[in-house]
Amino acid sequence: MSQHRKRRRINIRMPAIGGQGAVTAAHIMATAADHAGYYAVSNPFFGAEKRMAPAESYVRIGIEPIYDRGEVVYPDVIMVFHPQVITMGKSYTMPFYSGIKKGGLIIVNSEEDLLSEEDHKYLDPLEVKIFNFPATKFALEIAGTELATNMAMLGAFFGATQIVGTESVEEGIKARFLKRFVASGGTASLDSAIERKFKKKLELIEKNINTAKASYEVAQEWAKDQGIKPWLPAPKETAKV
Amino acid sequence: MSLKIFKINEALKEFVPSEIVDLEEKATWGNPKRGIWDLPYAKELVEEHSLCAGCPESLAFRYILASLPNPEDTIIINSTGCTSLVFPHIALHTVHSLFGNQNAIASGIKRTLEWRFPDKVKDVVVLAGDGATVDIGLECTLHSFFRQERITTICFDNEVYANTGGQESGLTVKGQIFKMAPKGKQWDKVPMWQLAIDSGCHYVARLTVSSPKRVEKVIKQAIYVAREVGPTYVHLYTPCILEIGLNSDDALEEMRGRDKERFKFFEYISEKAKEVIERKKQEGLI
Amino acid sequence: MQKTQQIKYNRAGQKVVSPEYLLFEAPRQKQFMTGSEVVKEAVKRASVDASVSYPITPQSEAAHLIGELWAEGYVGVYFRGESEFSVMSQLAGCSMAGGRAITTTSGPGTLRAMENFPMWAGSRLPLQLVLMARGVNSPLTIQPDNLEVSFLLDTGCMIWHAETAQELFDMILAGFVVAEQPDVHVPLITVIDGFFISHTREAVMLPPDDIALPPYNPYISPIPPIDMEMPPGRFLRDPFVMKSNYTSYATHASWQFEVRAAIERSRPYIRKYLKGLVEEFGDPEGEILFIASGTAAAQAKEATQMLIHDEGIKARVLRLKTVRPFPAKEIEEAVKGVKYVFIPEFNVVGWLEREVRNVLYGKTNVPIIGSPKVAGGMTMPPEIIVEEVLRILGKEVKHVP
Amino acid sequence: MAKLGPAGYSPYPVALYEGILTPPPGKALLFTELVDEEIAMREAAKAMFTRENPTVFPGPQVLYAWNEEAKKKAQLVRKMAEVFGARIIPMYDYRPKYPKIDPQKEINPNHPNLTIWHNNIKVCIFIGVHCHYANVALKIIRAETDCYTIALCGNAGHEDATVTLRDQHSEELEKFIRIAEEVKRELKK
């Protein structure tokens, strides 16, 4: 592995439980990176996803066009959305850290270290950093709902990797939730029922943004402690279209 | 109406065979009152074809083509079988596609023609054998009824796969010995006319082609109802004289015999269809 | 013919523009969307008359979205058929009646519909099928795997293979333009690797949605439409063509050859509207040549960059945009001076390897290596492709942890 | 087309076997060569004047009066045949005809060679035939006969013909007739 060369790409794997919003998180992460001028691609794990069953999402962010598709087999970053996934891996088919690259990062939604001694034995020589971050707890505290866990996780990712600022994270969230409303909301004939719903939606977006921003800050602190520099060079202007 | 596609350019008319010129000059176009009485006088819409001598399908074809109220804007969809041998010789736009997909093709054609020609009436008629309609194509047939496609489906029931050499079909009667049923058919004839009613057809008729007048009336009613209301179904007995061992001149007698039993004239008319048929009668079109 | 410059609108009220303007000149804006969503955007700008749909993963979402276009007035006819067999026949009916029509399917649906595809081609219907390839039941999987393309190669349909959502968008529009040329006029199957494109979200550049392709003109078709508006009035589409039906045996042979010749005639149009049947990527001097299409080509591009940057190995990719017509000359040209040809594929049978070997037979001594092959939903990580190349070259493998 | 028939037993297409495609807009195909429209018209006219039993095969698009252009084209086809002293044998529809065609009076795309053999036709013009049926017929003619085929096509042309002209509408037909008259004078016919 060419760890001497600058990183040109971050490949992220996000094992989660169906319903936790990992697909949405991946979508927002890619949109945020795109907004900041990077090339970005997101996709879900392709299968018959069911609520509460293990699922995965993937994001690829880079400074050059991205051709790579599908499951991230060799990730730079693994974001474990649920402690269960550590023991089950993706649909029980592999250890959760399978394929992690040297110098990689694992973010676990947990207050304490859940990794076994054997896990550490595998990860330590690879110089993989582990960031235990209680995303669900954070979501409950700030947004008042565990549904914002995904926001806390993506905030943590950007805080820890330092590749985009909070304004891009905010843009990503807005783009995801506002798109349809902007499309139909532009017309003057918006009736009051939709307006009430719209207000509620705005409130939800605000809570999501707050959760993501707060997690970003916590992770940023953590990264500073760890001496982590931004994971990617600034995007080339050409990526901004 | 699209009579223009039969009109021959004067500059080239002398080089065109008379049977083609007759289509322009002697066929009945633009007259919804046309019917089987025109047969001896008008140019027919079917040329010489290669069905077995004495086959009642040839009668059925002539009666049906003479009864179409709007031939200049009628499209007929066919399927694989004996009937396919006649289709090249029918002077209309017709389709043979696959064995059993006739009602699917017809659905696509009818809807697209309605979209392309919102101000014109384009009648779409399906005409296929019993294997195509009730066995291999049953899914397409019934779903076109469920979807309330505005098409008329006519089944030529000869109670056998004749074109492939006489195998049992779903419409073969129980006990009949055919190929692939060497001990005799083990189950009953499918009551397709009843399935058509249950599946949403607004006009259903079962008959033999022994009476040309009756065929004309049924076909006109089926087409008018399909045009305005929804799917209609006509089940015609056209026995395969070859496979049941009759002579070429026995067909009419065979049909008259069945007129009294399993092909006794039967007709179902929904409330909406009654209204259309009454109106067309008052207009003198049926 | 008419040569007036007046502005024309289609039935959805969009301004009709030339294919060249829509594809190459109109200003484009960036959107972030999935391959399924991109199908909607392409159909919206294609003056489509008809679409019929049926659910099957992973194409269902694209099919729903075409339905939305119908509800919004952009598509004339839309409904759900009862099976893929029926859907492809219903679509054939739409096309015979003179409409521009498109549908989508996947894996087992493709095989259920199979009898229709040679019929589409033989009937010269310029239909478009967006095929979101997934495994066929051997046993069931809904995951990406393009084995089904192998079954389609000899149906008489054109087969194009898009690499990205962007290319899918452009191919759908260019596809109607090429497929509807009177001297081509055969169906087009636009393949993408299911999920890898359909469910992946990426940046796509789109022209405005108030412009659209010129509507289809069925009256310059090589076979008259079924609408009783064009002579001959006596016209069966399509008769039994066999000696017992009073025609020469040669008729059916000529008919079949004609369908294949029609695919050949698409080449100049493809060069114009797709900018070539192939794309070249990487080091033009590359001694390692990947020949691939679709997602396998995307993975090969990543591997090529790794080989060049990390291993100092000159490599390149010849990406096939079209499989029918098959870019035989382009391949013959590309293998000149190459040390190894690798053909990575997302199926176990290696249909592309077979095709490439066939056209190169007796023309080159370059070793052709049909790997890696992955299937059943497996991803093909570029690291694995690099490993394969290093192994063949007898070099140390460092990439895979 | 690569060369005059008979090319052999099977109706091979030149597009597939010899890589010859329809001409681009503004050009015509003369054997294997892309040439200017006028050159192709001249060569086609020469063939019509010099080979035996020249015949024009008008198809449904010019036989029937289904639009204004068809009406005009029919008159031009008649005039063209008169200039060449050619027979007119129509292809009025495309069905497999039962029980047989009359080769003296008609041509059918499913066995066009019958009409050509029967009348010993060595040069012919296809016009107004739908492209698919023209192509099916032209391949059979090339396989089975030595007839020099000229395709005057309203669309993109027919590479299986000996000479193919594309985008032939009334204006182009008038030009072809003019050139035919010139060639006639040159040949002192």
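Letters A, B, C and D mark the chains in the order given here, with residues in each chain numbered from 1 onward.
Criterion: contacts are C-beta pairs under 8 Å (C-beta built on N, C-alpha and C of every residue); 3 or more make two chains touch, one makes a residue touch a chain.
The structure presented is a predicted model; accordingly, all values stated were derived computationally and were not measured.
Asker: What's the fewest number of moves from chain A to chain D, given that each move must go to a chain touching the current one?
Answerer: 2
Asker: As a test of whether you follow the contact definition, which chain pair has the most C-beta contact pairs?
Answerer: So the chains sharing the most C-beta contacts are B-C.
Asker: Using CA atom averages as chain centres, what separation in Å is found between chain C and chain D?
Answerer: Roughly 35 Å, centre to centre.
Asker: Measuring from the mean C-alpha position of chain B to the mean C-alpha position of chain C, what distance in angstrom results?
Answerer: 39
Asker: What whole-number Å value describes the gap between the mean CA coordinates of chain A and chain C?
Answerer: So the centroids are 33 Å from each other.
Asker: Residue numbers in chain C touching 2 or more other chains?
Answerer: Residues 224, 229-236, 239-240, 245-246.
Asker: Please set out, as single numbers or ranges, the residues of chain D touching at least two other chains.
Answerer: Expected reply: 63-64, 66, 92-93, 95-99.
Asker: Can you list the chain B residues in contact with two or more other chains?
Answerer: Where chain B meets two or more other chains at a single residue, that happens at 5-6, 47, 50, 88-89.
Asker: Going by the touch definition at the top, which pairs of chains touch each other?
Answerer: A-C, B-C, B-D, C-D
Asker: State the interface residues of chain D toward chain C in the complex, per the touch definition above.
Answerer: 10-16, 19, 21-22, 24, 60-61, 63-64, 66, 92-100, 108-111, 113, 130-133, 135-137, 139-140, 143-144, 154-157, 159-160, 169
Asker: Using the touch rule from the top, collect the residues of chain C that touch chain A in their complex.
Answerer: 30, 32, 57-58, 142-144, 163, 193-197, 199-203, 205, 295, 297-299, 301-302, 305, 309-310, 377-384, 398-401
Asker: Per the contact definition, I'd like the list of chain A residues that touch chain C in the complex.
Answerer: Interface residues on chain A, with respect to chain C: 1-2, 5, 26-27, 30-31, 34, 39-44, 46-48, 64, 66-74, 99-102, 126, 175, 241.
Asker: Mind pulling up the chain D residues that touch chain B in the complex?
Answerer: Contact set of chain D toward chain B: 58, 62-67, 70-71, 74-75, 77-78, 88-90, 92-93, 95-99, 102, 105-106.
Asker: Sort out for me which residues of chain B touch chain D in the complex.
Answerer: Chain B residues touching chain D: 4-12, 15-17, 20, 47-50, 88-89.
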